[in-house]
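The block underneath contains the structure these notes are about, expressed in C-alpha cells.
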Amino acid sequence: MKQITGDLLEKVRATSPLIHNITNFVVMNSTANILLAAGASPVMAHAPEEVEEMTGLADALVLNIGTLQSDWVVSMILAGKAANRKGIPVVLDPVGAGATKFRTDTVKHIMDEVDISVLRGNASEIFSLAWADIRTRGVDTSLAVTPDMIHDAKKLAVKLGCILAVSGPEDLVTDGRQVFQIANGHPLMTKVTGIGCGLSAVTGAFCARADGDLVSATAASLGYYGLCGDLAARVSRKPGGFFTAFLDTLYALSSQDIEGSLNVHPV
Amino acid sequence: MKQITGDLLEKVRATSPLIHNITNFVVMNSTANILLAAGASPVMAHAPEEVEEMTGLADALVLNIGTLQSDWVVSMILAGKAANRKGIPVVLDPVGAGATKFRTDTVKHIMDEVDISVLRGNASEIFSLAWADIRTRGVDTSLAVTPDMIHDAKKLAVKLGCILAVSGPEDLVTDGRQVFQIANGHPLMTKVTGIGCGLSAVTGAFCARADGDLVSATAASLGYYGLCGDLAARVSRKPGGFFTAFLDTLYALSSQDIEGSLNVHPV
Amino acid sequence: MKQITGDLLEKVRATSPLIHNITNFVVMNSTANILLAAGASPVMAHAPEEVEEMTGLADALVLNIGTLQSDWVVSMILAGKAANRKGIPVVLDPVGAGATKFRTDTVKHIMDEVDISVLRGNASEIFSLAWADIRTRGVDTSLAVTPDMIHDAKKLAVKLGCILAVSGPEDLVTDGRQVFQIANGHPLMTKVTGIGCGLSAVTGAFCARADGDLVSATAASLGYYGLCGDLAARVSRKPGGFFTAFLDTLYALSSQDIEGSLNVHPV
C-alpha cells in the first residue's frame, strides 16, 4: 500500500483533479483548504441551475449532508446522476446519520437515486444505515473496530453496493470482499471540526485518479490523511496549532514519510 | 468565582455537553472549533424537519442571528420551544440588532416565542432592544461600561426576563439582581471574526453544566473566555497567530491560570 | 504608487470603513478576517428584508457569486441599486464565470442592473464576459499577462464601463485608459481558498477611502495585498502557516515594507 499511496498522491498533486463538493456550511472553507493542500482543485456549487454542468467539469463528486436542508438534496441527486452518467466517483459523507430521522432518511433517499462509490463516515453514522437502534450523539461518536465490526461492515458493503470507509481510532475500508485496516491517525483530529468531512473530499480526489481500483485508493487516502494527522501532532498538541500543521503536512508529505510510517494493511 | 469557573470548565471537558447551534454562515466553522477546544461537542442543524429532534439530543441551544434569513427564524423558534420544553438553557446572540429593523424585530419576535436564558452581545446590540435611538455600526461597536450602564442593564434584564451578558472592553453580566463585572479580555479579540459568537456558544456549554445558577455560569464563561484572550495575546499580537493561540489556550487553560489571572467580580 | 498605497492603507486603518459583503459560503469567514486584519469593518447580510438598509450604513459593497443561488441574486441587485443611489463603490467578484452558464449569465444580469465600480477576478473569469469560448476550470485557472491581454482588457473595460482588476501571476488593473501592472504576489496565494475573494473585499475598502480615483485605489489594494503575500511566504512556505502569516502581515505591514518592496507600475 505504500507504493500505491505514494503514487496516487503524486498523481493528485501533478494533475489537480477538480472535486465538486456539495457540502455543509461548517466545513466548506476547511474542505477547500484541505483539498488545495492535498494538491486537488476544489469547487463548491449547489444551485440546481448549475450542478449538473459543474459535475460535468469535475473529476469526482463529494456529497455531504451536514447542515442539511431539503432543497440541497434535490441538487445532490441532480449532481449525483450527472456523475453517474459521466462515470466519475461519488463519495457520500452521511454526517449525523442516525442522529435524526431526516438525516437517515436523506442518506437512504440519495442512495436510492445515485450510485455511490464510497460511503465515508464514523461507525455510528455508517451502521445507522443497517440497524435502527444505533443513535448518533452529534457527529463525533465512534466505536472501536472489532472482528464483529469487520464482519458487519462487509455485509453492509454488499447490501449497500458500495465501498465503506469507517473512520475511528482505527479505520476500516471494505467493499465486502477486500478489507483494509488503517492504524494511522491521531485523537487531535477529533478536536478540529471538519477533519472527517475533509477526508471524504480527499477520498474523492484519490478515487478520481485511481484507474479502477477504488478500494485501494480509498484505503490509501485514509492512510495518507491519518499519517498527516500523526505527523502534525508531533508539531503541535493543541487544536489551533495542530490544524495549521495538518494543512502543512498534507501539502508537504514526502514519499519517505509514507515509506517510514504508513500503516495500512489488508485484513 | 475562580473555583466556580475552574469547576465548570472541568465539567464541560469531562462530559462534553452537546451544543446545538443555529448560527450564521460566517462563524459556523470557528464556533465549532471554539466549542471543541473548550471541551464541548458542537452540532449545527437548521432544517425545520430536524431541529426539534436535534435540540432533543442537546444539552443547550445557541441561537445567533448573523446572516439572518427569514426561513431560519422559523427553525430557531421551533428549536427554542423544544429547548424550553426540555428545560435546557437557550442563549441568544442578537448579532447586528439595532443595525437594521429586520434584525431588531427578529430578536423581539424570537423573545416573544422562546424563553431565553442568556442574551449575549455587545452593548449597542443589547441596548438596541431597550432604546430605539441606538444605531449599531456593523457588528463590532462597543461602549464603555459605566455605572449608568449597570443601572440600565439591570432594568433591561428584568424587563426582558433573562440574563444579559454585555461584552465590551469590560464585560457585564446581570439578571437584574446579581451583577458581575469581567475585566479579562484583549482588544485583539475584536480583530478576529466570530470571537463574540464563539463566546455565546461557550456560554451555552457552561450553562449546560451549571446546576441551576446560570448567572454565575455565564460570568464564569466570560471570565474563562476573556482570560484565554489575555493569554493568547502573550503568544501573538497579530490576528492570525492570535486566533491559533486562542484556540490552543481554550483547550489547555489550567486551574493555575484561572487562579492566577481570572478577573471576575460581583459588583 | 507607494505614497498612494501607504496613504490609503493608513486611511482604512484609521477610519475602518464598513464593507457590506454578499459573498459565498466558502469564504465568509476568511473574508471577514482579511478585512479586519486590513483595518476595515466587515458585515455580511443577504436577506432581501435588510440588504438595502445595511448597504445604507456601509462605505462600500462587495458582491461575490461563489456558491451562487438564485434568491441571493435578487438581494445582490437590491443592495447594488442602494449602493448606486448612495454613491458608494461596488466591487463584483465573478467567481466561476465561464465555468457554467448560470454564473456567466448572472454576472451579466447583475451588470445590467447595477453600476459596478470594479470587476475583480482571474483572467478566465473576467474574459469569459467577452469571449464565449473561454472555459474556466473550477475557480483557480489563470493565464499569463501579455500585451494582447492588456489590449483586450482595455477594450473590455470600456465595453463594460468599469475598472477591471485581473489577478494572476502578474495582476493588471485598467479602466480602459489608465493601466497598472502589479508584480507583487506569491504562488502560495493560490493554495489557500478565498484569497482572491478576500482581495475583492480589500479593494472595496481601499475604494471606499479613495477620494474619486478608484483606478489608483484598486491598483494600490492589489499591490498591498500581493506584497503581504510576498512577505508571508518568507515566514512560511506551506499553506497553513502561510495563511496565518498572511493575516498577520495584512495587519502589521509598515510603510517601510511598502517603500521597500511594492511593485505597482503604470504601463
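In order of appearance the chains are A, B and C, and numbering begins at 1 in each one.
Note that a residue touches a chain if its C-beta (ideal position, glycine included) is under 8 Å from a C-beta of that chain, and two chains touch if they have at least 3 such contacts.
What you see is a predicted model; the values in this text were computed from it and never measured.
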Turning angle required so that chain A lies on chain C, C-alpha fit (0 to 180°, nearest 5): 120
Self-contact between copies chain A and chain B, residue sets same or different by half: different
Rounded Å distance, chain A centre to chain B centre (Cα mean): 33
Multi-partner residues of chain A (at least 2 other chains): 25, 29, 243-244
Sites on chain B touched by chain C in the complex: 24-27, 29-30, 66-70, 96, 99-103, 137-140, 190-194, 236, 238-241, 243-244
Residues of chain A that touch chain C when the two form their complex: 18, 25, 28-29, 32-33, 36-37, 41-47, 49-50, 53-54, 57, 243-248, 251-252
